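A, B and C label the chains in the order they appear, each numbered from 1.
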C-alpha cells in the first residue's frame, strides 16, 4: 500500500517537472523565433515611456473633429450587434442538444459556429473591406458575424442548461415545436440572452473602434490617418476619448445586465 | 375511455419496463396506481400521453389510437390530456396566468399564441380555472414566487384550461408537506367529481391512495398485479403489490 | 360565501392587479421608446447604405481564392512562408501570455478583497486593472511599435500588458472565491507568512490560474494574428499584403492556416483545462 502512495507521488512530481520543462522549451523556442532577449526589455521599456510622454499633452482642440466618427463607430456597433443577435437565434436553437433532434442540423450549426469563432473580428473586417469598400458597411458586416459567434456560444450553453420540466409540460399539453420553444425554452433563457447581447455590445464597441483601422469606418480610420502622419498628440486625444466612451457604455451596460439577472 | 391492448415496453438494454398490460379505464374514474419505485408506475402513466413510447401493443384514447397517431393528430390527442408533474413543471419566470394559458396552445395557430393574442374566451377560461383552485389573486405573480402547493394548484389550473378530458398526475404530492398534500388531493378529487374528468394518479402513500381512489391498480416489475375497487385493497393486497409488508414511511400519517 | 361578497372580493383583486400591471407597463413602454429612438438614430446615420456592383464581383473573387488557395505558400525555401509566419504568431502569443501571467499575479493579490486589510487597497487594484482593460490590444501595439520599432517585440509587449487586465481580474476573482480558512489553521500551528501563502493560498488557486492562463492564451493566439497588421509581427503582415495586392489565393491559404492553427490550439488547450479543473 505505501509503495503505491510513494509511486503516485513520484509520478505526480514527474508530471509537474515534465510540464515545467515543456514550458521552458516553449518559451525558449518562442524567444528564439522572435529574436527576443532580456536585453530588449531593458531597452524597450524606457522607450515606451518616452513615446508615451511624447504623446502628452493630448490635443484637446481636436475633440470636436472626433465626435462625428465616434458616433459612427457607435452606430456600427449597435447595428452590427443587433443583426448578429437576431441571426444568432436560429443558430442557437439548432446548436442546442435539447432542442434539436436531428444530428445533421446540430453538427452543422456547431461547425459553422466554431468556424466563425476562430476568425478574429479584424480579419473579418479586412476581408469585407475589399468587398464593400472602405466605410461603415464592411464594419457592420464584420461585427454582425463576430457577434453571432459570441452571442450564440454563450446562448446555447444557457439553453442546454435549462430545466427540462417545463419542456416536458409543453410536450404533454400538445404544443407544436415552435410553441414548445416559445413557451418552454424562451422564458427560461430570455434574460440571459439579453445579458449576452449587451455583453457582446460592450465587446463590439471596442471592436468597432479597431475595425476602422483597416478601413471599416468609424473612428479607427481617423486614428490610422493620424498615426500615419505622426500627429501623436491628436492620436492621444482620440485614444482618451475612446476610453471615456467605452467606459461609459460599459457602466450603463453593466447596470442593465445586473437588473436583468 | 383509455384502453391498453397487449402493451409491452422493453428498453434497449433488455430491461422490461411494462409487460402484459391490458387495461380499460372509464370516463370519470379516479384511479390510483401504486407500486414500488421503479416498478413501472411512471412508465405506465406516461405512455398514456406518449411521453414514453411503448415497444409493443397499442393504446387507445376514446377509441383513437395514440400509438399510431402522428403530427397534428398526436398534438390534438395530447391537448385533451392534462398532466400534473411531481416538480410542477411551471415556467418559473413567467406569470401564473401565462403558465395557465400555455395549456391552450393546442387550440390556436402558432402565431396567435406566440404574439400573446389570446381570445377573450381563453382568458376567461384561464381565470375560471384559477378560480376553481383558489389561485386567482396570484394571476400576475411570477410562478417562482409561489409555494410548492400553490404551484401545483396552478398546474392543475393549466390542465383545466386545456379543457382536458383526462388528467394524469405523476406523483403530484411527493414534493409537498402533509397539509398541502391533502389540499392538492382534495382539489384533484373535486375536479374529478364536479367536472367528470377521468383522473389517474401515481402515489406512493398508501393511506392517501385508499382515501381518494375509487379504483386501485397495483404494479410490480412492470405488470399489473392488482386491479380493483378500493374496498378490496387490503393490507395483504398491498404487501402483495410491494412484495413485502408495508413500511411506516409509506403512510402519509406517519410523517406528520 | 354569498354572491355579493364574492363580487366585492373580485373587484378588490382586480384593482390591485391593475395597479401592478400599470407600473410594469410604464416601465416596459419607456424602455421600448428609448430603444426605438436609439435604433432610428443609428439607422438614420447610415446615409449611404448601398452595396455597389463591385461587391458581388469581389465576393466571387475572394471565394475563388478560398476554394483554390495558394498551396505553395505553405512551405517555401526562404522561410517566408505560412508555417513560419504561423509559428511566429504562436511565439508572440506564448511569450505575451507568459509575461502577462507572471505580471498578473501581484496585481491579482493587490485587487483581491480578502488579501488586504483595507477595502481601498483592493479597490485601487481593481481600478488599475479596469483601466488597463479598456485599452484595446491593437492600440497598445501601435504605440509600442512607435516605441520599440516594428517586429514581434512590440506585439509581445502589447499582448503582455493588455492581457494583464483580463487575467488580473480573473485571478483576483479566483482568489476572492476561495475559502481561505486553511490559512488560519496554518497560522495557528505556527507557520510564518510565506509558509501560509505557499501552503494554503497557492495550491488552491493554482489550478484556476493555469486554466485562466490557457483560456487567455487561446484569445491571445487570435489577437496575435492581427497584431501583424500594425507591424507587430506574425502573420498579420503577410495577410495585409495579400489583401492589398488582391492575391486572393494567398488570402485563402492564410485564412485556412489561421483557422486550422486556432482550432488546434483551442482543442489542446481545452483538453488540458478539462484535466486541470
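As a convention for this text, a contact is a pair of C-beta atoms (placed from the backbone, for glycine too) under 8 Å apart; a residue touches a chain by one contact, two chains touch by 3 or more.
In this text, all values refer to a predicted model and were calculated from it rather than measured experimentally.
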By that same contact rule, can you tell me which chains touch chain A and chain C alike?
B
Tell me which of B-C and A-B has more C-beta pairs in contact.
A-B
Using the average of all C-alpha atoms in each chain as its centre, how far is it in Å between chain A and chain C?
6
Using CA atom averages as chain centres, what separation in Å is found between chain A and chain B?
47
Quick check: what residues of chain C touch more than one other chain, meaning two or more?
none
Quick one: in the complex, what on chain C touches chain B?
10, 13, 16-17, 20-21
Quick one: in the complex, what on chain C touches chain A?
38-39, 41-43, 45-46, 48-49, 51-52, 54-55, 58-59, 62, 87-88, 90-92, 94-95, 98, 134-136, 138-139, 142-144, 146-148, 151-153, 156-157, 222-223, 225-226, 229-230, 233, 239-240, 243, 246, 251, 255, 258-259, 262-263, 266
For chain A, which residues count as touching chain C in their complex?
26-27, 29-31, 33-36, 40, 43-44, 47-48, 50-52, 55, 71-72, 74-75, 78-79, 82, 114-115, 118-120, 122-123, 126-127, 129-133, 135-137, 140, 206, 209-210, 213-214, 223, 227, 232, 239, 242-243, 246-247, 250
Residue ranges of chain B in contact with chain C within the complex:
136-137, 139-140
In the complex, go through chain A and note every residue touching chain B.
163, 165-166, 168-176, 178-179, 182-184, 187-188, 190-191
